[in-house]
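After the structure tokens below, expect a handful of questions from me.
Chain lettering (A, B, C and D) follows the sequence in which the chains are written, and residue indices restart at 1 in each chain.
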Amino acid sequence: LQLNPGNLVNAPEKHLMVDVQASADHRNIAINRVGIKGLRHPIIFTDGNGPPCHTVATFDMYVGLPAEVKGTHMSRFIEIVERQAGAISVATLPGLFRTMLDRLEANTGHLALRFPFFIEKAAPVSGVRSLMDYEIELVVRSHGQEVLLTLAVKAPVTSLCPCSKAISAYGAHNQRSLITLSVGFDAGSPALGVAELIGIAESEASCEVYGLLKRVDEKHVTERAYDNPKFVEDLVRDIAAKLQGDPRFQSFAVESENFESIHNHSAYAVVEKNR
Amino acid sequence: LQLNPGNLVNAPEKHLMVDVQASADHRNIAINRVGIKGLRHPIIFTDGNGPPCHTVATFDMYVGLPAEVKGTHMSRFIEIVERQAGAISVATLPGLFRTMLDRLEANTGHLALRFPFFIEKAAPVSGVRSLMDYEIELVVRSHGQEVLLTLAVKAPVTSLCPCSKAISAYGAHNQRSLITLSVGFDAGSPALGVAELIGIAESEASCEVYGLLKRVDEKHVTERAYDNPKFVEDLVRDIAAKLQGDPRFQSFAVESENFESIHNHSAYAVVEKNR
Amino acid sequence: LQLNPGNLVNAPEKHLMVDVQASADHRNIAINRVGIKGLRHPIIFTDGNGPPCHTVATFDMYVGLPAEVKGTHMSRFIEIVERQAGAISVATLPGLFRTMLDRLEANTGHLALRFPFFIEKAAPVSGVRSLMDYEIELVVRSHGQEVLLTLAVKAPVTSLCPCSKAISAYGAHNQRSLITLSVGFDAGSPALGVAELIGIAESEASCEVYGLLKRVDEKHVTERAYDNPKFVEDLVRDIAAKLQGDPRFQSFAVESENFESIHNHSAYAVVEKNR
Amino acid sequence: LQLNPGNLVNAPEKHLMVDVQASADHRNIAINRVGIKGLRHPIIFTDGNGPPCHTVATFDMYVGLPAEVKGTHMSRFIEIVERQAGAISVATLPGLFRTMLDRLEANTGHLALRFPFFIEKAAPVSGVRSLMDYEIELVVRSHGQEVLLTLAVKAPVTSLCPCSKAISAYGAHNQRSLITLSVGFDAGSPALGVAELIGIAESEASCEVYGLLKRVDEKHVTERAYDNPKFVEDLVRDIAAKLQGDPRFQSFAVESENFESIHNHSAYAVVEKNR
């Protein structure tokens, strides 16, 4: 495509509405993923039998582009999001992915959504109810001819240091930690619950965290964490132990970042498994 | 200024190097601050008698623009930073500010630098030495005919909850907190130490945090925090109590954000004083 | 309050459920604002007659604490958010603020919400419809005996540089800019539209930005921006010119940050007015 | 390890200085990576024959932990950074990595540094000199028995849309883009220049960006970008074309994120190759 700036001004009718993206490309380089990144859009997410959660998602939508095509059609990605109606779930996302491949005339792709998700929890003693917020990331992508899903949940928890407890006459340093649990599975696998994964992450922490705690609850979570000290290594191992026998997952990764209360850096660990 | 796109192509010599910014403006609206934002540049910062600290600063540089002038000269801000040689300190910054006003032919301005600063600390028992990182913000700005400086330090510390300690049979939730201490003073005031302010913030926390701690140190900081519980309210009050009698400050603000280990939100408090 | 760690273990019944926060404080330092920061919660926001917008807000909730009270009651802030039912609007927010003061037994306070907001826009030529996302911040706060509201909208737009256009034979550098328009008004003022403010910001840019544009639209926005060059100074002045005569606002600030396409830093300007 | 809280208070001498981390673990789960994350430390980075660059790095340092060991020794990671003296370069980093494995008694590891790096550039016409800032990431990690390095540079550039130029009578939308170019190679490969990679990324953009431009330069970069339109696909292909024949790289990835001036989301593309 040769464009002459003079022509652009003097004879605009000649080039108007040229479809530059559809022209041929001669560099012989296929593009692994091309599309739009960071599009925010409101969605309704449904987790299994749970209530629909109105939230705001950030979309990344990419397709593979063959070596001989110059450009993809960026506006079609937006149209797909705009036309998407009804609730999104782990089960419906592969359909949205296939729509993307069809509309973009692509053989491979990568569709990712990130959003905050809310679960109503009861405080451990008083039972007062409040929402907890979690970050969720869902990715559907081509892997050769297969379509793989990855579901990642980020669950904030309390961790209490076993070393600090063991060596100190009283007290023990503790802190907020962020557990990231991601599981990979086939698009055709039995539906998997976001809340279920969050529950696994929370149950293996020194203690869960909550939006709302009354004094009786604060006593409980303080003592519970002290009774249940865990290193960052323990957190990821104890969660991995729960996941490793589960036949639904082709792969998983368990990360924990502990925002150490005695340092200005984090402790971090990850266990990864591929079957 | 009327520009004809045809002319741009056909007679470029007519308008080349027009100084659009210097033309007159008829909207009769003065601009409070205009300039560049988010420029990164390496600097050497010297704090009183301390060793020079090589670091990377982010500069915001603005001047007031009279109602009758169309635009400022953005490239001059960059030139000032490029020509700046030698170490920057609280004492030298007003000079850089005056250079900015002169070069931009401005009566008022606002010059802000943010950078990480490092102090070597000794662990409390073992004495092992390591660097701690702190965020610093320095602002010089016009306030009427005066030139005011604001120095803000962000010091991470440990806070331990007095309520959790009092109501629990053992343990107490604790977490990393970020104390922001900012003081305002006249450009002509006696030089003020960044390390001095950081020291005030750290001394009033449940415990300081460190880069490197051996086991004997970890025992010490755990017990120290347990012996010294503080609410977010206590942190800001105890620091304010130290600052309020100091004649060097025209104003101060003491903030603390506690990244609660039992919640996914923060506790926050601020005490502000103006003389 | 003196706590003996030995007692904590040996005689827990003595101190259980002590209300440490309610005890007296003798430092004689009032706290300007204390409370919770960074709480995420789903909300429904209604803008005037527009459709309800399901979104996710981040809440900061603070009250003033008298010198003689040791601590505030953090859990009550969460209860207020949990109990809040129905849509939030600029008109209903002062009610939520008064609820906060009542529940916390406070005379002064500061309640802030930040959330993404979505408006369906039609592309300028094709008319295809898509959502645009905007960041909104609403603050209700005490100012002496008064209750003031501040509404800030962040509108991304296109800016095209008049200097670049004037001195170049063809083309002109342009970029995304973020306009932040905030207006202050009394709680009792006539309801003010978020969409109205966004419209003011967008109408004075070189061009609006859109979620979805077809080729005929892309031609339009390209030429529109080239026909309508604006410095960062022009953006804030042209918006300020529209706001300065509006009797509904006690104060306003118009900021623009231009993410320069020819630099790795931003150009920035702000016009502030207080009546 | 069973800890009795009563003992902790009543008989501290029994458990003091227990090395909890060194005890045995019976869960039979190896940890892929464990260590510290987000440690900030000043460094001097030398790029080939270039001048030493004082900057501030963020370190992530992890080792593999065998199934039978309970915990790693977090303080040793910090000691390694503290003891590191002299300039760091691509050539010296494998030595630091081996020190880490030795000190942590580990067979595998992952050491990552991220830091801003500065290069003095001359403006294209006036020749005025100023610094440009780039983000660099260096990773050394085990891959089976091998040690692999990855060097990633992030270079901001200008991109100008060919479609917008082709269909519009005048003008063309353009914006800042961020090109991320990462290359993987063996620890024993010939030293590779950060500046060289940045140069490759910049040379294939519609135009380079600069810290400081005079009016003659602004005319040049405006016209240069207009003469050299590139889609996000073109950017990554043209850089990939330069890298694919280079025998020094085992793998590379070329990403570009274009912060579209006509949208509030980005266009994105990536080409990845493994030999």
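Throughout what follows, a contact is a pair of C-beta atoms (placed from the backbone, for glycine too) under 8 Å apart; a residue touches a chain by one contact, two chains touch by 3 or more.
As the structure is a prediction and not an experimental result, all values here were calculated from the model.
Considering the contact criterion stated above, the chains in touch with chain B and with chain C alike are A, D. The chain pair A-D and the chain pair C-D differ in C-beta contact count, and the higher one is A-D.
Taking the CA centroid of chain A as reference, the farthest chain centroid is that of B. Centroids built from CA atoms put chain C at 27 Å from chain A.
Between the Cα centres of chain A and chain D there is a gap of 22 Å. With centres defined as mean CA coordinates, chain D is found 34 Å away from chain C. Chain contacts: chain B has residues 5, 8-9, 16-17, 39-40, 133, 163, 167-171, 211, 213, 215, 219, 226, 264-265 touching two or more partner chains. The touch graph of these protein chains is complete, with an edge between every pair of chains.
Considering their complex, residues 1, 3, 5, 8-9, 12, 15-18, 20-21, 25, 27, 29-40, 60, 62, 65, 70-72, 74, 162-163, 165-170, 226-227, 229, 231-234, 236-238, 240-241, 244, 257, 264-272 of chain A touch chain D. In the complex of the two chains, the chain A residues touching chain C come out as 5, 8-9, 16-17, 19, 39-42, 44, 53-56, 75, 78-79, 82, 116, 118, 128-131, 133, 169-170, 211-216, 219. Against chain D, the residues of chain C that register as touching in their complex are 5-6, 9, 132-133, 156, 158, 160-161, 163-164, 167-176, 207, 209-211, 213, 215, 218-219, 221-223, 225-226, 259-265.
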